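Inspection log for the structure reproduced underneath, given as structure tokens.
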Amino acid sequence: MDPGDLRNLLEQVRTGAVTVPAALDHLESGAVADLGYAHVDLHRRTRCGFPEVIFCQGKASVWIEGVVRKLIEAKQDCLATRVSEEQAEALAKSFPTAEQDRVARTFWLPVNPPPPPRGRVVVITAGTSDLPVAREAVVTAQSLGCGTSLLVDVGVAGIHRLLRHQAEFTGADAVIVVAGMDGALPSVVGGLVDCPVIAVPTSIGYGTAFSGLAPLLTMLNSCSANVVVVNIDNGFKAGYVAALLVRKISGQ
Amino acid sequence: MDPGDLRNLLEQVRTGAVTVPAALDHLESGAVADLGYAHVDLHRRTRCGFPEVIFCQGKASVWIEGVVRKLIEAKQDCLATRVSEEQAEALAKSFPTAEQDRVARTFWLPVNPPPPPRGRVVVITAGTSDLPVAREAVVTAQSLGCGTSLLVDVGVAGIHRLLRHQAEFTGADAVIVVAGMDGALPSVVGGLVDCPVIAVPTSIGYGTAFSGLAPLLTMLNSCSANVVVVNIDNGFKAGYVAALLVRKISGQ
Amino acid sequence: MDPGDLRNLLEQVRTGAVTVPAALDHLESGAVADLGYAHVDLHRRTRCGFPEVIFCQGKASVWIEGVVRKLIEAKQDCLATRVSEEQAEALAKSFPTAEQDRVARTFWLPVNPPPPPRGRVVVITAGTSDLPVAREAVVTAQSLGCGTSLLVDVGVAGIHRLLRHQAEFTGADAVIVVAGMDGALPSVVGGLVDCPVIAVPTSIGYGTAFSGLAPLLTMLNSCSANVVVVNIDNGFKAGYVAALLVRKISGQ
Amino acid sequence: MDPGDLRNLLEQVRTGAVTVPAALDHLESGAVADLGYAHVDLHRRTRCGFPEVIFCQGKASVWIEGVVRKLIEAKQDCLATRVSEEQAEALAKSFPTAEQDRVARTFWLPVNPPPPPRGRVVVITAGTSDLPVAREAVVTAQSLGCGTSLLVDVGVAGIHRLLRHQAEFTGADAVIVVAGMDGALPSVVGGLVDCPVIAVPTSIGYGTAFSGLAPLLTMLNSCSANVVVVNIDNGFKAGYVAALLVRKISGQ
Amino acid sequence: MDPGDLRNLLEQVRTGAVTVPAALDHLESGAVADLGYAHVDLHRRTRCGFPEVIFCQGKASVWIEGVVRKLIEAKQDCLATRVSEEQAEALAKSFPTAEQDRVARTFWLPVNPPPPPRGRVVVITAGTSDLPVAREAVVTAQSLGCGTSLLVDVGVAGIHRLLRHQAEFTGADAVIVVAGMDGALPSVVGGLVDCPVIAVPTSIGYGTAFSGLAPLLTMLNSCSANVVVVNIDNGFKAGYVAALLVRKISGQ
Amino acid sequence: MDPGDLRNLLEQVRTGAVTVPAALDHLESGAVADLGYAHVDLHRRTRCGFPEVIFCQGKASVWIEGVVRKLIEAKQDCLATRVSEEQAEALAKSFPTAEQDRVARTFWLPVNPPPPPRGRVVVITAGTSDLPVAREAVVTAQSLGCGTSLLVDVGVAGIHRLLRHQAEFTGADAVIVVAGMDGALPSVVGGLVDCPVIAVPTSIGYGTAFSGLAPLLTMLNSCSANVVVVNIDNGFKAGYVAALLVRKISGQ
Amino acid sequence: MDPGDLRNLLEQVRTGAVTVPAALDHLESGAVADLGYAHVDLHRRTRCGFPEVIFCQGKASVWIEGVVRKLIEAKQDCLATRVSEEQAEALAKSFPTAEQDRVARTFWLPVNPPPPPRGRVVVITAGTSDLPVAREAVVTAQSLGCGTSLLVDVGVAGIHRLLRHQAEFTGADAVIVVAGMDGALPSVVGGLVDCPVIAVPTSIGYGTAFSGLAPLLTMLNSCSANVVVVNIDNGFKAGYVAALLVRKISGQ
Amino acid sequence: MDPGDLRNLLEQVRTGAVTVPAALDHLESGAVADLGYAHVDLHRRTRCGFPEVIFCQGKASVWIEGVVRKLIEAKQDCLATRVSEEQAEALAKSFPTAEQDRVARTFWLPVNPPPPPRGRVVVITAGTSDLPVAREAVVTAQSLGCGTSLLVDVGVAGIHRLLRHQAEFTGADAVIVVAGMDGALPSVVGGLVDCPVIAVPTSIGYGTAFSGLAPLLTMLNSCSANVVVVNIDNGFKAGYVAALLVRKISGQ
């Protein structure tokens, strides 16, 4: 709470325009729903631009359902990621109208019909095996209101495959590049565009790929100055940040 | 070159509107100055939004000077980073009007007086020792036209130090958080803002900080969805990406 | 055995107040029950404050049962941790009155009804997925006589969730913070309390969490001076040390 | 600020007992001195039990002096660690009455004569080379009011060296064990005492000690349940936590 | 496309000898078949000497079948590696005439009967357990037209086993050495031959073999100057490079 | 073959005392049986003191049976290690008189009744979970003719458990210490005996034990000068080396 | 020695055609000069195609000079690498006619004037800072008789810089690619040529380049099938292997 | 102290044959000289076979001198390792009759003229640069009474260099193999001898040798069953263990 607002509130308390309990509520830090097994952050949308997203790994299905219900109750769009097969089935029974993407392992239950997509986020993969992570990025960005397109299997071992699609990503608001193995694609793409490139290493590959460590290091060391990195296989975060950019650019 | 442009060019060659040598020049991939020890990319500004920046580590001073001269000749702003003491002295003699920041280890020689800064990038550090990296980010973002502000030593061990400055970074276009040791600050800042947070790990700290590996991992694993990461001590890249965002948001 | 005691004992042998066999028993280093597959340390309670605790991982059920029986025989409380599903079933048959917590994976069979809990240990988790490790800490501290409370899912991405519960952990005797992913929570909590914070990294998270290595490093590098660390997922040790502190503070 | 206090304050504002500016001050989060290059946390003593301690590594001497002056002004004891030779000389000129320990690399400038030491902290080292880190722990604990004793070079390769000193550490409030190489000493000590053992790995040793990583892992994996760990060479944190324990036990 | 060719083409466009669409096709970079889930590089044979090879790990069987069909259609030999049991069965149904080697996990479907093998590639393994990787190398080299021989279980612990077979690998065009555990064999072989040795570490072995990391490091540090290295378990790449050498030596 | 022997042989060829084919056989390096999938080293007993031992991991059962048969044929004792459940069953059918130890995962088929055991090898474990590795060491040493004894669960957290058994390992020819977790036991034992201590790290333990890496590093860094180390979980090698020592000491 | 040759030799001994001492010499394994501090392998040229090369790191200058003298005496070309400043000066005094390249840190003293270079090896670097390693490769390949060319600073961040030079490396016998930071260049080059690509990671770069580990992993994981890898900064080995290839292709 | 001895002692106390103070002394654990900065273990020779050896790294010269004096006083041979240049000079002044080996970095001051050496320890190095570590092993083994011989620069890249010296190490009591880079030599030697091979990795080499980690892993994974390993560069421990073996074999 910034000092100016605080001064106003205190003045209103002094004049009686605001009652003490109301001020108390207001001063308490944000609306949080305590479910025992989770604290649902209901002011996140206001504070951070988008509602809380549920990371499902390692959680009981009933816990996830509880959080979904609380978000619905609070009239908030609900996106969940890393939904296991078992969780997906349980959620499908409880929320039959939700969209589930089993490649991306996502669950999506919006409150209202979505507004028309804005901006232009391009998701590019080096190989066919990177598709699940790329889909997670696409679903996330779409859920948060972005226009997206997807370009698959254009890795650097056949550089002309990428170059012939150059028109499709030139001028994008943000480009997400998903790559395993040598992780070299973001550096090349980075040198071809004038927007940030969000690089996502994937855990695909032979021996020393070390479950994604090799492409992660490649991307952190990218010689292209516009490449930033997120965690291994973290398509969600890439889609989220791209959507933040688009929202800023759209002036919202 | 996108297919539409290519078709146009070929039509112009066919009709004679463009001569073969001219078309040839046009088709050749970008203007590059080959200095023997370096290929200076003179079309980078067109393609990527900003001119090439010189990374000085491991280079002879005469090589750096050669590149600077080539950029000046091509009427391009010249920014160099990781300038060592020895290189700085050599450059100061050759280019006495350039601005050198010895904390940030940068060299800055613009062609024209800079336009008024646009946008709002906030750089935050966890500790006092993170200042050199933060300065590199600030100088880079400023050189690329951004308005910047700097908030030092507000690490999470005294969380109120950060919270009392919240107004200063709320509503920023981008926030850069520079932190060594536990690298926990970006996660906290990430939960308080609605823009991307660019996290820069630094190599400051005791034993298991492992020259920045510890905060790097912390930041990659940040539980805040809007945190992206660049390489250890890479203030330059953070400033560069922040400037790209600002440029996109400003609609340029 | 300290020199003073030793001198006394030898004097008593000399005077005949103590027989040689009795002295021999006394001088032999502690009562240990040798079961062939295990040496049960029956003097641990005297020496270290609490009886031996059984770590079940990698052990045959019959071995565990043998140790439990030996401890019961010696009138000692029996706590076992890391009890697998299979071991739990075997133990339930042999010791039907024991309490087993399947989230914490613990087995608890006290000799006498417990005394009223003393002291105040607060266990805090960053996420919902950290619950099993947190429960292990809670069960351990309770078994060793502590009053405990548990605060779940108050990670730093929504810092106000933690701050609004500040009264619940201010003034605690010890705080245990359980966190995976970025492991940033102990640093923040550490700056808010005047007692030791025992940080427990968990193996929850995406790629570079590296099965808990990332939060472990974060916690070791915590910029809060009161944060100490135990092994990944080791809720037991955190609960044990917290109980030691409480016992010391209670003057027992 | 806990809800009860907050309600009271608001009532006082309502009744006029407290003016709005006074309430505003009160509500603002803690006294922090902003020096430009550092935010000095002057409420740390109240919140965390001890004043802020200055970590000198990577800081300019003038910055350190500025923080020392601010703490003196605020009538707070001033402890600084990791003081380099160069910093030590500069500080000696500015603050000639301060105590500097060049083995421990510490600077200590108390406001008032210290009260009589309380409690009993024993610092044990495995080898002679671990002395500097052990001294840092001793100086820290003493500065924070503890009674300390130091036992040097009693590593496990000659276990009787430790055992003959057993009386010196039995019954301690806390034991700090400092060890490099195999880092095995804390496990042995842990099995002999009924208090927490704070283990400090040091960066002394041959090849695979890997600058302290080997003893760090040993200590994290200690089979003694009362062993907690701090960062490599971090004698300061060990001394600090020991002092916290003593303060709690002393009921202060 | 080199400048001379480009100039010619443009001249032909100018004179009308080549139509604009034809030139356009020619200028577009290479024939690529876009299947949605994959971009099949049909000019690879021309550009790189051999057709594209399908890496099957992490791909749906239908995707693999689609790529195989596209290659057949383009009259290209089709080699696939890392074929899982499940994929192998699906492919066997769709392409019953293909050769599948279940030890090597390969799939091979040539367009025409192979020409007589050329050159001489010797594949040597340190142990029996290295056979699957060695077989992948053999099948690859054979598919690409090489003469191969295989020498199994001649590791350095019984150096005379290797020496007595020396005549079999002396004078080879290339030697591939496959070894896990200590990975020492390539260094010894390297000192006995006058051709390049391609070393392939395998993930066989006890604890610190670290899934092939130990032999990988051994091989990278080989004191024999003619040893180059490929990724862990990557028999395919070793066979591929050996075939490239043979093709060069054969002057094709 | 040493030069003196060689000279003799050549003289004998010259005089006709030895025929050329006989000399040829003699000069060829050792008897090796080539089974296609394995080279069985039949002169190993002569050269290295003990026959070849079969490491079963990653090998087909028929291959193992083939090697066993070849060794039997050559009248050599046959020891196999790392025998999986599946391999054990197959071997039991083919060689019903062999001894299989399913805890140690060994197979043992001697040609003749063993001679009386010689020497004294003591195997000590830190915990109960280290038993399988310890058993592998015991079976190996026994198969190679040593007298052995086994002392289980005397880790350093209760140091008196070890000390009261001191008489059992004092004066041994070699001591093998098997330990996971902190791996501290070999350092303590090393300081109590006058023979080499062969330390075997095991892959038992919590998080940062990192599958045996932590105790491995502890042991490599042991401050006791008589501690040597073998690979993680490699009870076989420890038993083998101990047997070599005993054989040397026995003067055989 | 192969069995046929051996049989011949023995027959010659039998008939007296060869004396016993002559046969003895022949049977002894190779001519080696033992200097006490080094064994110089004088048959290496015969066995491996090129004479022994001196790796100077960590050696006294007098030792290096001794080996050089021995090689000269044996009429062999002498190449030394990793020559330090101090060693270079000492060698310059003793062998003033030798060529020393202080960027490449090499020493080169041929016995005869070199034959005309054969073949075509292209060395490409990603950046200017990679020059010293590239020069080591060039000098090595040239010393061993190859024709070489060098292309500097054409990293993937400006992919057109590479593409415009494509004609220069198309059709080469071997391409050596030297790159630090992200190490992405070999993958791109690999997809453009039909010869082996020898990738050399360099230790240039920011934080997580980890002294060359990052580009090493990138290169090992290269998605181009013709990329093999040598050790970090090992320009020598790359040049050596390229020369071997050229020699094979030239049919020598 | 074993139970039998203890019973005797107690009986003697009972009968008065031993006084209480004498018994007390006897029961106290070993003679240890406490110098404040070090505990010198004067019973080590009795307990472990050899006197304590001083590891000098990280210690003040005066501390080392104090320990040397205490050992001389106790009539014990004095060996010190890792003696720096500075320490060497100080020790030379105080103990001018001591032998110092500046390649091995050792200090040796025996009490009496040494007995004739016994046994046969062979130290072998892979390269010339491994000499300092090998010398440390030689000096240590000699100081502890062994006959030693040294064989330098016979690495596996020219395997015949080793084989022609085979007679020199066949039949040794113990072989120490010192190797950096690929660390492959111990595996080869291990297959040629019937005694234990003590492998010492050294920190010599290019990039991925990682300061000795690469040869360490090679050696731990050695496929020769008689290879045990000590820490990187730890020639001392190798020499010490070899001497222990020789002493056992000599029956002393």
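In this document, chain identifiers A, B, C, D, E, F, G and H correspond to the written order of the chains, with residue numbering beginning at 1 in each.
In the analysis below, a contact is a pair of C-beta atoms (placed from the backbone, for glycine too) under 8 Å apart; a residue touches a chain by one contact, two chains touch by 3 or more.
Computed from a predicted structure; not experimentally measured.
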item: Mutual neighbours - chains that touch chain B and chain F alike; value: C, D, E, G
item: Numbering shared by both copies at the chain H-chain F contact, with half separating same from different; value: same
item: Most distant chain from chain E, judged by the mean position of its C-alpha atoms; value: D
item: Computed distance of Cα centres, chain D from chain C, in Å; value: 24
item: Distance from chain G to chain C - Cα centre to Cα centre, in angstrom; value: 59
item: Inter-chain centre distance, chain A versus chain G - centres from mean C-alpha coordinates, in Å; value: 49
item: Sequence positions of chain A contacting 2 or more other chains; value: 3, 28, 127, 158, 163, 190-192, 205-209, 213, 216, 220-221, 225, 231-232
item: Which pairs of chains touch, using the document's own definition; value: A-B, A-C, A-D, A-E, A-G, B-C, B-D, B-E, B-G, C-D, C-F, C-H, D-F, D-H, E-F, E-G, E-H, F-G, F-H, G-H
item: Footprint of chain G on chain F - complex, ascending; value: 3, 6-7, 10-11, 13-14, 16, 20, 23-24, 27-28
item: Contacting residues of chain G [partner chain A, same complex]; value: 126-127, 155-159, 163, 181-184, 187-188, 190-192, 205-210, 213-215, 217-225
item: Contact set on chain H toward chain D in their complex; value: 28-30, 32, 36-39, 41, 43-44, 52, 55, 57-59, 63, 201, 203, 211-213, 216, 231-234
item: In the complex, chain B residues that touch chain D; value: 127-129, 131, 152-154, 158, 160-161, 163-164, 204-209
item: Residues on chain B engaged by chain A in the complex (per definition of touch); value: 1-4, 47-50, 53, 166-167, 170, 173, 190-196, 198, 216, 220-221, 225-232, 236-237, 240-241, 244-245, 247-249, 251
